[in-house]
Amino acid sequence: MSNTFGRILRLTTFGESHGPAIGGVLDGFPAGVFIDFNRIRYQLSRRRPGQSAVTTARNEVDEPEFLSGIFEGKSTGAPIAFLIRNADKRSADYESLRQVFRPGHADETYTAKYGHRDHRGGGRSSARETANWVLAGALAAHLLPQVEVLAYTSQIGDVRLPEDAAFSPEDVDKYSTRMPHVAASTSAEKLITDLKEQGESVGGKVAVRVTGLPAGLGEPIFDKLHARLAHAMMTINATRAFEIGSGTRAASMRGSEHNDMPDDNQTFATNHSGGVLGGISTGRELTFEVTFKPTASIAKEQKALDTEGHVVDLAIPGRHDPCVVPRAVPVVEALTWLVLADFYLLNRIHTLY
Amino acid sequence: MSNTFGRILRLTTFGESHGPAIGGVLDGFPAGVFIDFNRIRYQLSRRRPGQSAVTTARNEVDEPEFLSGIFEGKSTGAPIAFLIRNADKRSADYESLRQVFRPGHADETYTAKYGHRDHRGGGRSSARETANWVLAGALAAHLLPQVEVLAYTSQIGDVRLPEDAAFSPEDVDKYSTRMPHVAASTSAEKLITDLKEQGESVGGKVAVRVTGLPAGLGEPIFDKLHARLAHAMMTINATRAFEIGSGTRAASMRGSEHNDMPDDNQTFATNHSGGVLGGISTGRELTFEVTFKPTASIAKEQKALDTEGHVVDLAIPGRHDPCVVPRAVPVVEALTWLVLADFYLLNRIHTLY
Amino acid sequence: MSNTFGRILRLTTFGESHGPAIGGVLDGFPAGVFIDFNRIRYQLSRRRPGQSAVTTARNEVDEPEFLSGIFEGKSTGAPIAFLIRNADKRSADYESLRQVFRPGHADETYTAKYGHRDHRGGGRSSARETANWVLAGALAAHLLPQVEVLAYTSQIGDVRLPEDAAFSPEDVDKYSTRMPHVAASTSAEKLITDLKEQGESVGGKVAVRVTGLPAGLGEPIFDKLHARLAHAMMTINATRAFEIGSGTRAASMRGSEHNDMPDDNQTFATNHSGGVLGGISTGRELTFEVTFKPTASIAKEQKALDTEGHVVDLAIPGRHDPCVVPRAVPVVEALTWLVLADFYLLNRIHTLY
Amino acid sequence: MSNTFGRILRLTTFGESHGPAIGGVLDGFPAGVFIDFNRIRYQLSRRRPGQSAVTTARNEVDEPEFLSGIFEGKSTGAPIAFLIRNADKRSADYESLRQVFRPGHADETYTAKYGHRDHRGGGRSSARETANWVLAGALAAHLLPQVEVLAYTSQIGDVRLPEDAAFSPEDVDKYSTRMPHVAASTSAEKLITDLKEQGESVGGKVAVRVTGLPAGLGEPIFDKLHARLAHAMMTINATRAFEIGSGTRAASMRGSEHNDMPDDNQTFATNHSGGVLGGISTGRELTFEVTFKPTASIAKEQKALDTEGHVVDLAIPGRHDPCVVPRAVPVVEALTWLVLADFYLLNRIHTLY
């Protein structure tokens, strides 16, 4: 019942993994903005399966059709509706799953909630939905031309991007893992391909750095900037944790160590706040990190419940990523854009004179 | 602009730390529920400052006044409004802070957003607001009599509650730290009192276990149960991270290890999902953990910016908790109740027949 | 920015008159409902242009495509998305209007608001949008099988349906005017065809009677049943007035005359309340009436402003209804269904035990 | 469950007629606005009972207490909460009504919806609530200093304000009826006082003219300016009809007559649109009219149902206006301000550059 996200810039989405199409309606997009369709297609291609050895072989062209809200290249202020047809469906792959609840999937909970479900590829709960978000996020990014959102893989399994890794935004996509460091990415890629052979999967983390964000974004009390980011990130399939700034490390820290203090040049040596104080952006770098669990669909045999409550043996057919993290990078980025653009529009209301 | 929380059970709050009162309006509360005022007062007393050596000395009686929505002891279906007067204000303590942005506080961001601010005790950004949530959460708890929400301190500084600690819900409040384990709590208490003497503060974590929750709560796509919980927890002052189930540990795990699988008795040995699959409750235990940063207000001298952009020396006057975690326990619990009750009411709509 | 209607059953729509398609997403529709596609097509055919001498000649097949939310004939609880392609567009007809603000149309106000507009057939402001509502309303009607909504033409120009006209629901569509009375409809039809020849148009009214509605629908204070109905009706293109029960006649009445009182059989001889007291349904018949202005697009020459602020002569090309009322009947009915179904779902929350 | 009004400027209210207090929270009010408390008190005094021979004798001082959101005379951007204590309650007057459903009142519908009710003075359904709106409307008016909202009585019973009546805004309150015309007001006042003696009541109308409104306010598709005004007006107790511009008269008009056309000086001789086209303000005068039914509470004996379903004789005790219209004038005005200010804030989002 909650297929709408945002307060001013509102994205409503629909579509099942194996239905005729997925799509969405982006309402509240201001008028008069020239739309860069190449930017949108580029972001969709980043999320697309089948990009490398570390991703699923399902192949979706993901060519969006725009149905409204854009006239002669510019947004009109009317809602922008878009459609992405589901081309490469193999629903028959899923017929054997009609009566089984796959471990780690929403099969059992959708059935508990709705009484029945579309079992083909997870139906509405499929990560196919994230293509809608990537498209909408690319639209939202048009509204904040001065802001840069940089998302990248910071961990896969136990392989962690070194703290002191130096890279530019352009570097991220040069690595199949999107972990921008030669040695680390090589280790991670080897880990993934090894696990794939074993019918296994692995988790990881995506980190985000936002620069150029103005101070003052975020709404007290119940729509704090990091609360909305947390909400957005927990919306992504397979996420397990959200950390702003210092994150879980803050539990062990002292106040004098954690507080970001200015030096004599009015600059701040640390950014434990992650760019948010009291739920409102400071105007300094915004930083957060998101943890993903290992892909639930694995080829390895598992125990599962069927719809009758019996325990059955299950080896999941179909094509699945052994690690969702590399393809999650543009998804994290897209939802970040949606949150930031929404707050940006909302912020134009606050001071009248 | 976002002082309302919830979709069906909607809490709207108001009030500044040093204004005449704080309070709220809880709308959408069903009719015909007998209100247990002692339960509400008890929860408020758990959050109240001045309870022990580990908390601030500010003393608020926190006797709520109910203004509407309850008639002859029962809810009427009309909004329940309540008021908590601010009794023990010492606004003069804050006069010296009018021109200074305290490190780790919302002073600079409120000023950036609104052009000016109520500098007395943080104004609207003060954790005084959490008393409203505790009251509203205690009301929400009336709607789920079969559910038990157990929150407790799981970490303070580097002192961690042992994984195998055995305790009952009643045990939690027997410890000044709310960490229900004799040795751990003693260590943690010593840490806090030592830091207090040094004018320092420390962070920590609160863990939550919910039992008795029905399957089917949570709304795909954009109001997943754990997304709303994350949102709620990041709303609490000083939180830095939200982890559902396996949390950040999931990054290093394998799929076959992380997936919760039934054994031959149809029970599950693990609960890495934390009781949520696809954003919907499984009906098994719901578990999550929240990280808090060290209290930003410390007596120790710090560097800070003033409203003119100069760097000044600052030692914060006033009365502050050296560790917010013990008093945060009932706050975490209250917001959990608000989220669960909202989803519970929403869930009554889904299947018609 | 407000292309969503409803609180629980939420319709989000999109599309311009001469864009590739119009469509919508209906969220909050409960799971497990068998969808009667013939009922939907039948309602769309009732709204369709080109039905008779009294309507426009534009011909739209209006065959909807369903994209999601329905699986094996039943609703799944996921959002139901639908699309209606725009087939018979003649955008070239509108090229001459690019620089002119048609009197009585939204041309000038959309330009004032958004800086530019899609001038082809009114773009987003076109009554083409109402096809979306008719489709969604037909879906909503599935949720209230025990309720009957009867809408009919009660006035066209000065021709008024006699107060004592007797007719069944099936009778309405037997009349090209949808005014279910032989003499009155004949007069009204003659009036319309005469005006058409003159390049003129005329206004009228649609009346609604709802039976079988349970008591208790409607939400105090700010979502009263008749307030939401008024909101919905004023959403329809060309509406000028909403009257509940006694309507404008109430201004001249006395209290003892207006109050509906029970007779000795506990039945009510009058229904001046229109079936609503305090914004909540009484369970007795719901009655209201909606006034439509004459079609703004007329062939007769008019004065108009152009985008430069000059006054120009204008004779509007294209195909237009001389009276919108007959085709508005299914639109009024559809929005009534959407309002009632939304309140019906909302009402399931109010009493817990 | 719907005690909140507005999208950006959001008013949440609470309180029962005979509870300790009524009040509200106005969220989304921009920071930095100096509050004119005298203006607020003045508007409350205009709504206050006991002003003249034509109104009820209940006497409420209606001195509001402001609890938050204003600091050193200026709005802070935090929610503005206010309280109005119920001073002159005579709940005992209502004891006899505990088991009776007063005709024309919400007694039966609240009971049907909620299972029980606060029977004292209508509880939440009482027009006492409108004091909250008047206060909030006076705050909202601060946001549109260049706009003038003029509301006045246009009809009482069959006494109608002449079409050509000339009057200034200051004139309205010089008449006890708020019908600004000597002869008409005298007739209306005599009608009311005669009816009062008979234990009777009478209906009437309030008209509104808004000048100084910018073009572009109102949100397609589902938040049209006149749809929101209709919604707001139907929210007021005892309203029966809403008419924008030409209103119900449009039913009989021709297109060439109804369309507002510019003359050679680019001005418009007519304003049948009422200042709204396609749901968006034209920037010309906004005009609408609201019909009120006769006061439901009359001293004259009536038949009524009791809670057991029996028909009983009823003469309503207590103090009631024989005609609500004069006191409704500031209420209509207040809700108009709330609607306009909300759209004004919302409108700041639409064009980015």
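We call the chains A, B, C and D, going by the order they appear; numbering starts again at 1 in every chain.
By definition in this document, a contact is a pair of C-beta atoms (placed from the backbone, for glycine too) under 8 Å apart; a residue touches a chain by one contact, two chains touch by 3 or more.
All values derive from a computational prediction rather than experimental measurement.
K.L.:
Shared touching chains for chain C and chain D?
P.N.:
Touches both chain C and chain D: A, B.
K.L.:
Quick check for the class: compute each chain's Cα centroid; which one is farthest from the centroid of chain B?
P.N.:
C
K.L.:
Looking at B-C and A-C, which pair shares more C-beta contacts?
P.N.:
A-C
K.L.:
Could you please state the distance in Å, as a whole number, between where the Cα atoms of chain A are centred and where those of chain C are centred?
P.N.:
40
K.L.:
Please tell me the distance, in whole Å, between the geometric centres of chain B and chain C computed from their C-alpha atoms.
P.N.:
Comparing mean C-alpha positions, chain C is 47 Å from chain B.
K.L.:
Spell out, as numbers or ranges, the residues of chain B touching 2 or more other chains.
P.N.:
Only 1-4, 8, 13, 28, 31-32, 77-78, 110, 113-115, 124, 220, 346, 349-351 qualify.
K.L.:
Give the list of chain B residues in touch with chain C in this complex.
P.N.:
Result: residues 8, 28, 30-33, 77-78, 143, 220, 345-346, 348-353 of chain B touch chain C.
K.L.:
What residues of chain C sit close enough to touch chain D in their complex?
P.N.:
1-5, 7, 13, 103-110, 112-115, 124-125, 129, 155-158, 195, 200-205, 215-216, 218-224, 226-235, 237, 240-248, 250-264, 266, 272-273, 276-283, 291-298, 300, 302-305, 309, 311, 346-347, 349-351
K.L.:
For a test of understanding, state which residues of chain A touch chain C in their complex under the given definition.
P.N.:
1-4, 8, 10, 12-16, 19-23, 25, 27-28, 31-32, 65, 67-69, 71, 74, 76-81, 83, 110, 113-118, 123-124
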